[in-house]
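Two complexes, one shared chain (chain A), two partners (chain B, chain C).
Showing the complex of A and B:
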């Protein structure tokens, strides 16, 4: 007898909808529709389903209390939770706010009112248990399809664990650090096939901190190149500042400003 | 008797929003459209950042219109640095915008709006009965993606760095794909010229960028039926208001609501459309038994379909006549202020930056199309609901009609942060 297809939900909390769109694009959509049963996907589908999910994919950063409530409700209905994209995995661009003066930020964007309920912008695993991570901004469609194939076929999904530099070197790119640019390649998880450096753009860390990276040595090297702590941290806090900060272990430096 | 209609967690829109309607004596007393997105504070995130990192950050405001945010940011920064882009840079930017427009319109037309008209709960359920339409949608999305990818390095959040250069590749494959899309585009226009759109007539001012000679996307004067202004004067005409119930900012122009997007662009710039799109528009007006200017916001769908054709033709034209490579201007960091406006898929988008002498951002202000459309969406909802209440329409049907109307505007609540939950009491 044919096994029933896995029940999937695709949801977003505060975010840019880019990850959700990636799921809709081209082959990705065709493959997913074929392999699994999309029970809920509010961006394109009325909400009628109230049952449980085998897998829930979540995009976005926790930015206010409603996000946390949504996450808790989804966690209860899901056997497995997948963080989709940089925001859900590491906080993403909105997490830059953690490194700024909160009051100034509020005044700048909403000068007259202070009616907004906000939470420090954080990745979803700071609020609920996450089983799988599909980072990158925007996430890689091939990787999404590969993940869906794995779960549909009962294979184990193996996340990429080497730094961006591995793939970058293999592609024969000129190292941007040798051009005196701050490239986060040495301390960032690869798996993106060194997309940005291959276009002459430095790595901004969107796949998160590489577990084995020696951040202290990396920062010492940048210092020798003449960069200030502020400049390095400014770059590192673009997508995964919270993770880099935790891994660097010297929190005080991150709290200036 | 007072009652309240609350639509919570509207679906098939980009982002999260609630709508609250307060109704007294069968009349809408208050209509509140509320973004249910946490504020992400982009305008503050870029302060103190280096100007070279700005596009990488503001691109993330929106996955659907990341090219528009990128191009607006780059051009505003250029203005602050008093730099002029080369013709080749302008071509790259326009192509990024056109590719994104094709993808965004196709997603909205087929995945978000069409199910309303085919009695389907989603494009997923269209897949069995209307497989051809889903395939057309995916083909158009692919086409848009290929354009953005070819000129921006990837399909979303393109690489753009003031010093962008044309990739040294051949575009014959892409040109072939663009030309091959003609039958799909003809089907799209035919489909969206023949939908049973609800009646809704009203007068409102429209705003879009305008150039004399072309159907513009990346330059021009902000033009409406009541006047025009240059991009750097946006602050004199557009006022952002913050409402207690929303994280989105509500924008008025000279104190009044106005409408942006494909419909506004067609109303203001139909004379600049290419011949093929112009003919398709004329034919569609005949089918709909209406004339220009469009006054029914539901016709925004047809306008987007016409723009799919125009954007494809314009892309072909640009790629066939790509300007020669030339040396890029040197970037000289200086203190300055710059504003840029571009036509994002949903309408005119404004970015403003101030830079200090070291190249760091000291101020940023961004006005998104949806924030500008929110007032008129609220006003139109109230008008529609008043009419439906007087006709004694059922609650379910009112909700259906309201959702259809909101979707016709193609709002993006990620961008505006700043949108809809409807609660019936």
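Showing the complex of A and C:
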């Protein structure tokens, strides 16, 4: 008996829609529709489908009350939820607001629209249960295809949990830390095949904090390189500030007994 | 037996090799590594390379089995004739260490079809400590530069075939040890596994895996499957892995046996100096210093071992404690 094809939905909340676009690129979209049915994808077609989903991909950060309502509604319709992109997984660029004066930012960004009521931006897993994460800004098309292959076959998807440095060193890149640049490679999850460092650009941590990261030693190293606390944290807050902050809190307990 | 080649003739010697072999040698690009060369001008012979020669035999990513139409076919080894020039004594010993543990046809075929040419290390740096590691002679040919000539020691018939036409040296020259100053003292580190001294190093460790990736003898690998879109055909490949990562010892159910950074860090040192020695009778470390050179937080485990309590020092061969 042939297995019924999985029903997929691709949605976005507050975000730039870049992750949705990644799904839509030819080399990704054409591949995944061979294995699964995309039942709803409001970015390309207004939603007419009312039923349930097997998997729902969600892009974006929670910035408004409306976002939370949309998330709860999607969670009810989905068996599994996949956070798509840095914003959904770690808070992404919008989460920088958490580290700034909320009112000042509001006035700076929306001088004329002070009727908008925004919340401090948070990743979606602070509001609903998330089963899988596909981070990166924008998400890797190849990784989305791999994920779809896994679920279509009924295999468990194995997330990549090693630091960026591992892939970077294997590619034989010159370490950017030796050039005295702040590269977040040692404390960031890999899986991107060290995309930025391979092009001479430092890692900004868009795949989120590596669970195994030794943040205490990393900060001590940057200090020795001559960076101030503010400079290091500005860099760390770019994409995954919330996660790094959480881990830094645990950093005192670094030695697992 | 030693042969002699004048330095002026060296370029034409390499050109001669290029006619019938794929020649690899140290090249300075973004960093220094062993790479296929097209002429002797590309060679960079001043320092030990940053990236070791193991990558020629154990590529970072290598397909081992292909699945198609329900059948699996194993990849055959690469039978191209190769010469690697410019291997230092440490690089050559690293190959011997790999030869003792790698048994798969992909590695063996490549290795069998390769001639290794060593080069005396004239400029060891402050990280090199190869003199402490009991290195042996393991080469097909070995070049020792003297004023205007290279004295070439012949180590095998494979090597001899390349230098048959060259004149034999009238008087053989003894090849000295490289002049490095760093020393790894002989300590009974097996007994010091629980010594608190390791904690300071592990505290600094980022677990970035740079030490293992650039180590010429680290050969741990992971097996990865890649499926085609029809979910039936695919490839199985071998890629480098590192004991410094948590995922290295992760098993089904999510348990990982070396969870603590401290135990992962110590495993690297102890595998090099204790575990391999028990099975193969020699150190797995060749003293090239690459792990110390690339460490972003400048961890120096050699210094740490030297700092170990002198009570734990053993005599070189007796194995008894010194008073």
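Just so it is clear, the second predicted complex is superposed on the first by the 247 of 257 C-alpha atoms of A that agree within 3 Å, B and C clash if a C-alpha of one lies under 4 Å from a C-alpha of the other, contacts with A are read in each partner's own complex, and residues count from 1 in each chain.
By our rule, contacts are C-beta pairs under 8 Å (C-beta built on N, C-alpha and C of every residue); 3 or more make two chains touch, one makes a residue touch a chain.
As the structure is a prediction and not an experimental result, all values here were calculated from the model.
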{"item": "Contacts of A:56 with chain B and chain C, given as first, second, both or neither", "value": "neither"}
{"item": "Which superposed partner A:153 touches (first chain B, second chain C, both, neither)", "value": "second"}
{"item": "Touched partner set for A:16, first chain B, second chain C, both or neither", "value": "first"}
{"item": "Touched partner set for A:38, first chain B, second chain C, both or neither", "value": "first"}
{"item": "Which superposed partner A:138 touches (first chain B, second chain C, both, neither)", "value": "first"}
{"item": "Contacts of A:169 with chain B and chain C, given as first, second, both or neither", "value": "second"}
{"item": "On chain A, positions contacted by chain B and by chain C", "value": "257"}
{"item": "Residue ranges of chain A touching chain C (in the complex, touch as defined)", "value": "31, 34-35, 149, 152-153, 161-163, 165-166, 169-175, 177-178, 185-187, 211-214, 216-218, 220-221, 254-257"}
{"item": "Residue numbers on chain C that touch chain A, as the complex places them", "value": "30-31, 33, 51, 55, 60, 199, 202-210, 213-214, 227, 229, 231, 239-240, 242, 245-247, 259-262, 294, 296-297"}
{"item": "Chain B-touching residues of chain A, taken from the complex the two chains share", "value": "12-22, 24-26, 29-30, 33, 38, 41-48, 61-64, 66-67, 92-94, 96-97, 100, 104-106, 108-110, 112-113, 115-116, 118-119, 121, 137-138, 195-196, 199-201, 204, 231, 234-235, 238, 257"}
{"item": "Chain A-facing residues of chain B, complex", "value": "9, 11-16, 36-45, 47-50, 53, 56-57, 60-64, 66, 107, 111-112, 121-124, 127, 138, 141-142, 145, 153-157, 159, 161, 242, 244, 247, 412, 414, 417"}
